[in-house]
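I have a structure I would like to understand better, so I am pasting it below and will then ask my questions one at a time.
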Amino acid sequence: MSVIFPEGREFEFVAIGRLCIDLNANEINRPMEQTMTFTKYVGGSPANITIGMSRLGRKTAFIGKIADDQMGRFIHGYLTREGIDTRNVVTDKTGAVTGLAFTEIKSPTDCSILMYRDNAADLKLSPTEVSEELIASSRMLLVSGTALAASPSREAALLALDYARKHGTVVVLDIDYRPYTWKSPEETAAYCNLAAEKSDIIVGTREEFDQMERFERNPDRSDRYTAEKWFGCKAGIVIIKHGKEGSIAYTKDGGEHRARSFPAKVVKTFGAGDSYAAGFLHGLLSGWTIERSMEFGSAAACIVISSHSCSDAMPTETQVKDYIERCERGEITAG
Amino acid sequence: MSVIFPEGREFEFVAIGRLCIDLNANEINRPMEQTMTFTKYVGGSPANITIGMSRLGRKTAFIGKIADDQMGRFIHGYLTREGIDTRNVVTDKTGAVTGLAFTEIKSPTDCSILMYRDNAADLKLSPTEVSEELIASSRMLLVSGTALAASPSREAALLALDYARKHGTVVVLDIDYRPYTWKSPEETAAYCNLAAEKSDIIVGTREEFDQMERFERNPDRSDRYTAEKWFGCKAGIVIIKHGKEGSIAYTKDGGEHRARSFPAKVVKTFGAGDSYAAGFLHGLLSGWTIERSMEFGSAAACIVISSHSCSDAMPTETQVKDYIERCERGEITAG
Amino acid sequence: MSVIFPEGREFEFVAIGRLCIDLNANEINRPMEQTMTFTKYVGGSPANITIGMSRLGRKTAFIGKIADDQMGRFIHGYLTREGIDTRNVVTDKTGAVTGLAFTEIKSPTDCSILMYRDNAADLKLSPTEVSEELIASSRMLLVSGTALAASPSREAALLALDYARKHGTVVVLDIDYRPYTWKSPEETAAYCNLAAEKSDIIVGTREEFDQMERFERNPDRSDRYTAEKWFGCKAGIVIIKHGKEGSIAYTKDGGEHRARSFPAKVVKTFGAGDSYAAGFLHGLLSGWTIERSMEFGSAAACIVISSHSCSDAMPTETQVKDYIERCERGEITAG
Amino acid sequence: MSVIFPEGREFEFVAIGRLCIDLNANEINRPMEQTMTFTKYVGGSPANITIGMSRLGRKTAFIGKIADDQMGRFIHGYLTREGIDTRNVVTDKTGAVTGLAFTEIKSPTDCSILMYRDNAADLKLSPTEVSEELIASSRMLLVSGTALAASPSREAALLALDYARKHGTVVVLDIDYRPYTWKSPEETAAYCNLAAEKSDIIVGTREEFDQMERFERNPDRSDRYTAEKWFGCKAGIVIIKHGKEGSIAYTKDGGEHRARSFPAKVVKTFGAGDSYAAGFLHGLLSGWTIERSMEFGSAAACIVISSHSCSDAMPTETQVKDYIERCERGEITAG
């Protein structure tokens, strides 16, 4: 195995980073100017993945910071109801607000997000608020790149990485680049690289890896070059996403894995990566092969993109298996 | 008359200040944590008043700044459709966002607002973006206190006051204190006082006037003391609101005016002040007495608080007159 | 008289604003790159003028804020030793530093200043730290334009102006424009104009008045237009400096006053304006004519520009009179 | 050898970080309040060490940023005259100023510094301004901890570390903790640790290492524990300074080295660490033993603390050898 998970831990999965609110357009297939009502969901990539893992039956926890307002309390209540341990979800006391993401769905393939990230509570998480004990009690720590976008959340995430290394907790880095908050592309590259050096599993798009290589020479944008660099540090698995052409999982033993994809009646593209990540990591924890884990992730993603929401649509294992079976029976076709 | 409006101007009313988005809870009479959907409206006190004036048949314009995003374009489109001149509504190019106000309606009398004011586009309006010509072409300029809450909007509003004085445009100051953006109570007092010194009509709650008097001695919180101070500057009318006990309009000639109130089936309290202001100023422009203008404002306010929205519920003159008549006929009772 | 000073006050002069340190090049007539040693003096225009007034025998006080460090303590000690009342010189507790001004004297006519104004203690003075009682006990309040350059010092200075108006204390505004700290020319114009509206005596260069008129039409840069504008507010005397061509004092009664100048062996130009101001204001307080006051100011300025320092070189009345007499005897010639 | 320097490089030493100005009290043995004149020197720990290395005959270069003013030009001229390559000393264009350090020498053992670090040019160095080629052409890169104190200098220094690793340039980290600019102790720990992980030689005081271990358990403050941790990363030599009790150099092979000390007629303590570092690194480059290198550093430090300045007093090899010989002959005694 490219990555070995420690045994005998209280939690199977803990994530650190963004907790925010999605405000999804109810009237879709039009510009947001013409959308009059929005539905509220818990959002943020690491929140979505954690909810996904919990739905898949995993024992999960979250390390993050919420605003001291109605939005923050809604997030806390939702996570709790999903069975996620929130002992390390702390409440900001400085007047920060909950990050927002208004979604615009002009068409299934033309989606965008209007972000509110100024003074966001999640970026106020400080190193002293990261529980070493919780990380030591988890088999896996997921770090989202957005947690690195500003101080003190940046230092909190870097400290979480050190705790994970110290206690042998497997680290997954989801680069999750968002062009907000970051001050410059050089800053983004600097901190994503620092986190990647300390990660066992790294997941990102080709464009995200390009950005991290801005001070290097990889003119052909070679996946193999990229993967080998991180295998030279701590990584065992590097997944590089190529959009419609699918994802490739590179493993330290030289492997290169692709999974088959499934048809879906796409409503929007948001949340595909998060549900894929949850499905894939669930597979690894289950001891499945890389291919089977990727396939499971792909099916989970199909379910989410066929739905109106992200977090709320995260499927159970039964739902994913059922989706795969229905695809195999030809009951689901792209639309 | 306590205030004389100049004649022969292209516009009857121009406002400067906040343009934002209200996201009103669809499921009401509960805490916002339990509200799942929100409806989008144009918001911000000066925007509401301008929409109200336009609905009442007045020729209006707006001086403000909007974000370069879907929310900003929605605001621009809405104002234009309402017949408001937007030649001086400029678009921010620095990445500012549209201010948001999520409303929470726990009960008709227990309402609150969750504000997003960080990096708000309206506060980026700069002095060079204020049209002297537009102010010179208007009979009245309304300045909202929130425009004074941060630079460069603060200097833009102060310059607008100078242009108004230079050209004899009547200035209305709506104090509209919001505890966001301001850095200290002393700062609030300083700039509200500077604006009040240059205003012909000043509208605020007793609490707002108290705040402006923090460096003075008015221990009895005397309305008369407050009004006289501003009559010593430029004001002709000072309206002091006492919540449920009603408003009193003080005039420079020593007058003290109260208007009768009307019953209403209250949904929420938001927007009462804005519709009152629109109705009252419409009355003054119509040459009505202070009492009749106040009465008209009160009825306009009743219509808005009986409705789900603020801007969208602003009534026409026919609707207000109809409301008063129905009250007189006993067809409307409080509820 | 264009300006009447109140009688029976404890202090004859109080200034508000900048207290800083001058570091004057010991090796002069060369670029600062080649200067190896510097001498420390108390500096800042209002500090210099106050020291000047004290040397001229006036009972003075200062309203300002100093850093909690050796530089701050040096300033406090120096003012105290000069007989200036420092009860309203407060000490910053936020880690601010003392503003610095390194002087470069390439030649008597080619002088420049390298300023350190980031996080300067004097700009941290807040409205609650301004003593109304002290202003009420003074015949005259001098406000320096640099006090308006940033918050909260800006609001503190504006409040001082209100206290002065309330208690009939004569206000002198020394525009003293410095292109540091200010965020934009529009901001500078806005606040200098607000302060000038409330001042009895306004002193500035033609360029400073031009800057304040950026939103007006005075295409000929007419001094008379400028002066009349402020006479329309509160001013009784407006002094406009035209560099080598001398200064003109305009008075509300239509007067236009120029004073003769004196020869001097110029070392540097720094401090000329401050010593002129001290001499002129001393003359007004003495009940002298405008001309005689200006002449006295000119002679005081000659003494300072013939010396290495500013504050330390401020003359006594005897020294100024002696200088004038020596000039009249032809003992001093330019050089 | 614990550390092997690459051969065949154009430069023997390149430093990245702080370039500033020391203003040293001329009148010493008194509080700074009583010091009236100051002498200007180039300062900043990495600048001092580089000047020291250059004086010791090493081919050196500097990576840094200077203000676009007289102070910046003085620094550039001084470095150039010392034979230091300044091709990577760039000039700020944002209005930053040169950092200042006023020294106060109350007694030889009671010295302090008054720092001006707001808006300092050296902290504006950005990653794109770091020459990979220059680092690739150097045998050794010295990083000062103060370069990590703020962005973008922080990212620039971290990138320099990556370039050094890529090209096999030996990295020396001088922790050089200064309680300015850093926002929190946690932030300091985070970035000093990240830099230490990538360094071959780490130099700091026991207190500095304590600070870096705030998230660890080293209750006995064990030097051995500290050193072993970094040997587990990349380090070959860890020097821990214990003030008067001397320094200990730990080496990866288990060695623990102390050097004898020399007497000195101490004027002040500033600059001791910088001259020690220059002397020690010169010894390592010369292929001397750790002990001999430490001894040479100690003697260099004695010369600097016996003098009024830091940078200007950095000795040549002849001067250091002469000092050691004079000590051995008993010609120098403590005073």
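Each chain carries a letter (A, B, C and D) given by its place in the written order, and its residues are counted from 1.
We take it that contacts are C-beta pairs under 8 Å (C-beta built on N, C-alpha and C of every residue); 3 or more make two chains touch, one makes a residue touch a chain.
Worth saying up front: this structure is predicted, and the values here are computed from it rather than measured.
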Quiz prompt | Of all other chains, the one whose Cα centre sits farthest from chain B | solution = D
Quiz item: Considering chain A as a copy of chain D, what rotation angle in degrees (nearest 5) results from a C-alpha superposition of the former onto the latter?
Solution: 180
Self-check item: Whole-Å gap between the CA centroids of chain B and chain C
Solution: 42
Quiz item: Hey, how far is the Cα centre of chain C from the one of chain D, in Å?
Solution: 44
Quiz item: Any idea how many Å lie between the Cα centroids of chain A and chain C?
Solution: 61
Practice problem: Please list all residues of chain C that touch 2 or more other chains. | Solution: none
Quiz item: Given which chains touch which, is the overall layout a line, a ring, a star, complete, or other?
Solution: ring
Quiz item: Touching chain B in the complex: which residues of chain A?
Solution: 23, 26, 31-33, 35-40, 69-71, 73-74, 77, 97, 100, 102, 104, 114, 116, 118-119
Quiz item: Along chain B, where are the residues that touch chain C in the complex?
Solution: 126-128, 132, 151-152, 155, 158-159, 162-163, 183-184, 186-187, 189-191, 193-194, 215
